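Below are two complexes that have chain A in common, paired first with chain B and then with chain C.
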Partner chain A sequence: MKGMGNHALINKGVNMKNKQLFALKLKRQLVWYSFIIVSILTLGILTYLPMLTTIKYSFHDTQVLGFGEEKFIGLLNYQKIVNNSSFLKSIANTFILAILGLASIPIGFVLASLINNIGKSKWQSLFRVGFYFPNIITGVSVVLIFQIVLKANGGLLNNALSLLTGQKVTIGWLSDSRFSHLGATILSVWGSMGYSMLINLASLQSIPSEIYEAAEVDGASGFKQWLYITIPQMTSCFVFLFITSFINGLARFSDLFIIGGNTSAGRPGGTLQTILMYIYQFSFETPQYGIASAGAMILFILTFTITMINLKLTGFFKKK
Partner chain B sequence: MKIKSKFRAIFLTMVIIASSLAGCASANKEAKEPSATPTQTAEKSEASNTTDESTNEEAASQVISEEAATLRLYGPGLFTTVGENGSTDIVTGVSKPGYKVVIDRWKEFYPNVELQIETIPWDNWRAATQTAALSGDVDVLLHGSSIVPVCEPIVSYLEKEPEVREAVGMMAMRKNVELAPLSEYIPYGLTITVNPVMVVIDKEIFEHYGVELPNYESWTMQDIVDLAKKTTGTDPVTGKQTYGMSMIAANSTNKNYIWSSRAFNNAIFEWGETLGTTKVNFNNDLTRKTLNYLTELVSFASPDYAEGLDMAVAYTADNNLAMFIIEDAYSAYNTIKAAGLENKYMFAALPKIEAGEFAGITSSHMGDWNMAICNNSKQKDLAWAFIKFMVTDEVVQQWLLDTYSIPANKAASSRLSEFMPDDYANSISYVVRTSPLEFSASANNCYDSGNFGTFANDLTTVINEMAQGNMDVEAAIQFVQKNVDDYLGTLK
Partner chain C sequence: MKAKKIRRAIIIVILLIVLCIILIPLVWSVILSFDRKALSSLPPFSLVPHEPSLFNYEVAFKTIPLVRYYLNTILVTALHTIIAVLFAMMCGYAFAKGNFWGKKFWFIFMLAVMMIPFESRMVPLYLQYKKWGLLDTYAPLLLGGFAYVYGIFFSKQNIEAIPDSLRESAYIDGASEWRIFFRIILPLSKPLIATLSILQILSNWNSYLWPLVVIRSAEKQLISVGVSVFNAQQDAIYYGPRMAVAVVSAIPLSIMFLFLQKYIVQSIAVSGIKQ
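This part shows the complex of A and B:
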């Protein structure tokens, strides 16, 4: 009995201790959660709730959000826009522009290599800042500048091409639908190559110098060092830039909207109308919020799928 | 100590509850106040009506209301441009009085109704206005009638007060199958100021080429082409390159379709009982004629037209455009005046309509700045009183003229010649005087930007593509027709 009593006392003591430990753990957890609760609530209310609402509206016949009767119509909005040639064209435009925009990665890499070769000096800092500078200029100013640079009649680029070819060049880079994809890409690459250069440079400078020294001892030429050491070491940087640039490309809107003269028509000839501009058109210009929501969901699915494929291909899900 | 703390806590809780109840009470009060109709306010305040000498006949019918309320206004337009206390244009040096004039005048009739005005720029105004309307905190939408689903039709108000309809030269009209057959227009708001589309003519360039100035009340579509052709080339006097015609900017060249299709009387709509059963007969010979006409006319424009850079030296002594089409007549006049070039230019209305119901009048259409009642407002009657006040009150009309705007009020706009020379004022007045009430830049018998999906954007696309030589007229017509048909098909 005495033994039993001691055992019960010990059990009681362990229970008490467990409870205290649990209370302590909970208290600590609550402290940690208290730090992120505001962010979680903000994210939930301002991001996920509108997302869920958009899903709901994509299945409804809604003209203007919050006004008029909302009728459930199933997948009809999706059917409407998938069969709409303008929407399909806007998807094609979005992908063409996003893919062409990836040119900023190799350009940024070449710039970073050149700047890195200068060695750490004030000149390197100057070029680093100089090439990054376009990245901090507002989009509107960039478009205004490039409207002059890329204009058909006496634009800077056409003048340079005229000088090189010996013939008068009058290409409407932003006004002729045959060249507008290229024109819009020149504009975006100019704006983003500084960022690409900076990431590439940081990555280049993190490659251990011992590898190059060993290769040099083995008699590897500069080109071979670049091909067999630099490029493989830069893979993760390229992947990062590829994913971020591509997703940014899919979400391109404001510069193209301004090029088109503040309309979502995607001037010239609808060639610069991206999915976002198509969605904007049906949200605010000719309000059909149900169709716009369906477009937004398709854009979400496309972006999500591409990101997943990228992550899969780059081994993000592999267990280390 | 513990008891003291408890009492303190109870006291604070009671304070919170009491404040909340007080807040609710005042909110309820505000919600109830709007029910006071103009008729009711008239009964209450007839005796105390002021005898202000400056009050005109319409304004005299306004009454002093003692009801307390707050009327909330939201949107872009003139209020944004001038601000509460006025503004000065840095280019022209022109000063404009602020909307405080309107507030002060309103206070004379409604001393206890506070005007809460939230102004926004034109950028992204539709999105902002829709969001504001959705919040339920707006009574009057500034330029709201272009977004029909958020506006209250004002048919019943106009039936009660027909003199308001008579007073104005234009009204914000749209179509609504639930209220009337689609062939009829429903007024959704009152137009406060108008912007007629005008042609600016450089008289000097015409003189240099020895070309006679046109009579804008009788000139034809072919006359414009002939004049543009004659004035494109090397100026015989200055030796500089000049261009015959610069139309409305390429990024909104669908507006060039509005006036030209109207001039050719290309009425394309076959209204059904609903939009789903309505037909748009875009594929016709008059559309071919219109699109070919615009392509021909654009060939006399500056090579910078497509990029919107052709107007760089317009309104200067070095202007190289013999004719150019504008949408902001009063601002254009101010710029000309500020540059001291009033004798160099003149305004003209666009050519006359060739056939149909409106044959013989100008094909110039008018843009507008309007006000509408938000359809979820709890103070609709008060909102109506305000927008009516904006188009009928004499002091407000004078303020509109002082801000270099063209009032929609016919009596006020006829006074335009007091503010600018006849070479400018007469043609503007001609357009305002002759334009049909329902003919606007957004909805008319030849064009409708609100009901047919991407119709407006598609027109911009094809007209620009034809101008660049990337599309022929048949491909253009097929493109637009298919998109309209696809869109209407989704409404069935």
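This part shows the complex of A and C:
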């Protein structure tokens, strides 16, 4: 009898201990969750939910939202949109502009190489800061300034070109549909080359100097060092800049919207309408959410594909 | 040795010339903004205003509520930055040092968001806020800050580097995780806080599309959208006042840059990401 009582007592004690341990464990869990729960909820409600809604809308006839039933129409929105010439044009515009915008990478690389060449000094920090400065200028100011710099009559660029060629140049860089892609690229490259220079420079300076010293001992010329050491070592930097620049290019909106006088028509002549401006047009100017959502899905798929290629190239999956 | 020095001097001269060319548009816009002659026609390029005056700035401040836009933008930028950085670091701490069920799942749950561009979920998000009656308030501009995904990822990497021994000794003293976070982790993460704040300020000051969509009343608008509306109304003329507006809206970040250039340049280079 006495032994059994003891046993029960011990059992009870173990149970209590287990319960306490469990409570403690649970408390620890809750403490950690208290750090992340707000962000989880935010992402759930403000990111995943709307994304799922986009997918849903893209398969529904939601011309007049909130009035009557939303009808499932399968791929009709997609069919409509890929047969729509102005959507196809907006995709073409987006890609042309994104590809032209890549010019900031070689420009940034050349600048970074020159700046790196002069060695760590006051000059180097001056150039680093100076060339980066345009990147810090508020986007809307850049557009306002370049609307004047690229003006057909009396604009800075045309004046400079007139001086160089000896003839009067009056190209409407932002008003003539034949030149608007170039004009919009000048504006964006001016703003982004400083960023490209900075990333290139950081990457150049992280190449271990021993490699160059060894090459010097072997008698490799400056050009050979550049070709066989610098370029291969810079590949991952180029890939990174290529991907970020391209993804930014796919989502280009603000500057072109402002150039078009705060409309999404892509003035001049629709040549500057990007995918996102097309989506905006069918969301807020002439609302047809089904069409807009199909467009948003196509933009998502494009961005997603490029991101996945990037992760594959940078070996993100291998590490995990 | 001498050849090398000459080469270096030549490179410096080339870079100086290129830098001047690149900065000319900025210089010219500042000069135009002080030029009384720049109103309905564009005066030729000069290094000093043809007729120096503050007229353009007067016109600018009279035509649009620039001060109001300024205050709105500063308020939104400051709040968003504080929220985003604090909550990103909280998550970063939990993922770096915490040990809880579903940690890996939630981390991927957050990282995956980086592949969903904001633009592809913008319309339903707008409709959600419409349903909640929150359009034309600052809620849509601020609430997203509670999940700053890039910041979470960056914080996790940085906080992981803080040695565990510091935490353990605080633990023994009976400190809670929250206390450790505020008393040990935050003070040790000043460079991290600086980097994330700089990235946040830059992107908030420039945000355009989302405020354009959710803010309807003119007096609540942020500077970028407000200025662009003004610009669209003036169409082709009014050069001087437009340049004055451009200068005014670019000034805060430029001044911040001049004072913090070393940190900003470093932050951008380290983070490798602008937005």
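Keep this in mind: the second predicted complex is superposed on the first by the 268 of 320 C-alpha atoms of A that agree within 3 Å, B and C clash if a C-alpha of one lies under 4 Å from a C-alpha of the other, contacts with A are read in each partner's own complex, and residues count from 1 in each chain.
Methods note: contacts are C-beta pairs under 8 Å (C-beta built on N, C-alpha and C of every residue); 3 or more make two chains touch, one makes a residue touch a chain.
Keep in mind the model is a prediction, meaning the values are calculated, not measured.
A.B. asks: Answer with clash or fit: chain B and chain C placed together on chain A by superposition.
C.D. replies: Here the two partners, once superposed via chain A, clash with each other.
A.B. asks: What is the contact status of A:Gly261 with respect to chain B (first) and chain C (second): first, second, both, or neither?
C.D. replies: So A:Gly261 meets both chain B and chain C here.
A.B. asks: Looking at the overlay, does A:Gly269 come into contact with chain B only (first), chain C only (second), both, or neither?
C.D. replies: Only chain B is touched by A:Gly269; chain C is not.
A.B. asks: Between chain B (first) and chain C (second), which, if any, makes contact with A:Asn117: first, second, both or neither?
C.D. replies: second
A.B. asks: Determine, under the contact definition given at the top, whether A:Leu174 touches first (chain B), second (chain C), both, or neither.
C.D. replies: After superposition on chain A, A:Leu174 lies in contact with chain B alone.
A.B. asks: Have a look at where A:Phe284 lands relative to chain B and chain C in the superposition and call it first, second, both or neither.
C.D. replies: So A:Phe284 meets both chain B and chain C here.
A.B. asks: Is A:Trp226 in contact with chain B, with chain C, with both, or with neither (first, second, both, neither)?
C.D. replies: Neither partner.
A.B. asks: Looking at the overlay, what does A:Ser86 touch: chain B (first), chain C (second), both, or neither?
C.D. replies: first
A.B. asks: So which one touches more of the residues on chain A, chain B or chain C?
C.D. replies: C
A.B. asks: Now for A:Phe22: first (chain B), second (chain C), both, or neither, which partner does it touch?
C.D. replies: Touch status of A:Phe22: no partner.
A.B. asks: Using the superposition on chain A described above, determine whether A:Lys151 touches chain B (first), chain C (second), both, or neither.
C.D. replies: The answer is both, since A:Lys151 touches chain B and chain C.
A.B. asks: Considering only the contact definition stated at the top, list the common interface residues of chain A for chain B and chain C.
C.D. replies: Shared contact residues on chain A (touching chain B in one complex, chain C in the other): 65, 147-148, 151, 153, 261-263, 283-284.
A.B. asks: Per the contact definition, I'd like the list of chain A residues that touch chain B in the complex.
C.D. replies: 63-68, 80, 83-86, 147-148, 151-153, 170, 172, 174-178, 260-270, 281, 283-288, 291
A.B. asks: State the interface residues of chain C toward chain A in the complex, per the touch definition above.
C.D. replies: 8, 11-12, 14-15, 18-19, 22-26, 28-29, 32, 41-42, 44-45, 87-88, 90-91, 93-95, 98-101, 103, 106, 109-110, 113-128, 143-144, 146-147, 149, 152, 176-178, 181, 202, 205-206, 208-209, 212-213, 223-224, 227-229, 231-232, 235, 239, 242-243, 245-247, 249-250, 253-254, 257, 261-262, 264-265, 268-270, 272-275
A.B. asks: Touching residues of chain B toward chain A in the complex: what are they?
C.D. replies: Per the stated touch rule, the residues are 123-124, 126-127, 130, 133-134, 147, 149-150, 249-252, 302-304, 306-309, 375-376, 449-450, 452-454, 456-458, 460-461, 464-465, 468, 470-471, 482-483, 486, 490.
A.B. asks: Help me check something: in the complex, which residues belonging to chain A touch chain C?
C.D. replies: These residues of chain A touch chain C: 28-29, 31-36, 38-43, 45-51, 53-54, 57, 65, 111, 114-115, 117-119, 123, 125, 127-141, 143-149, 151, 153-156, 159, 190, 195, 198-199, 201-202, 240, 244, 247-248, 250-251, 253-254, 257-258, 261-263, 276, 279-280, 283-284, 289, 292-293, 296-297, 299-300, 303-304, 307-308.
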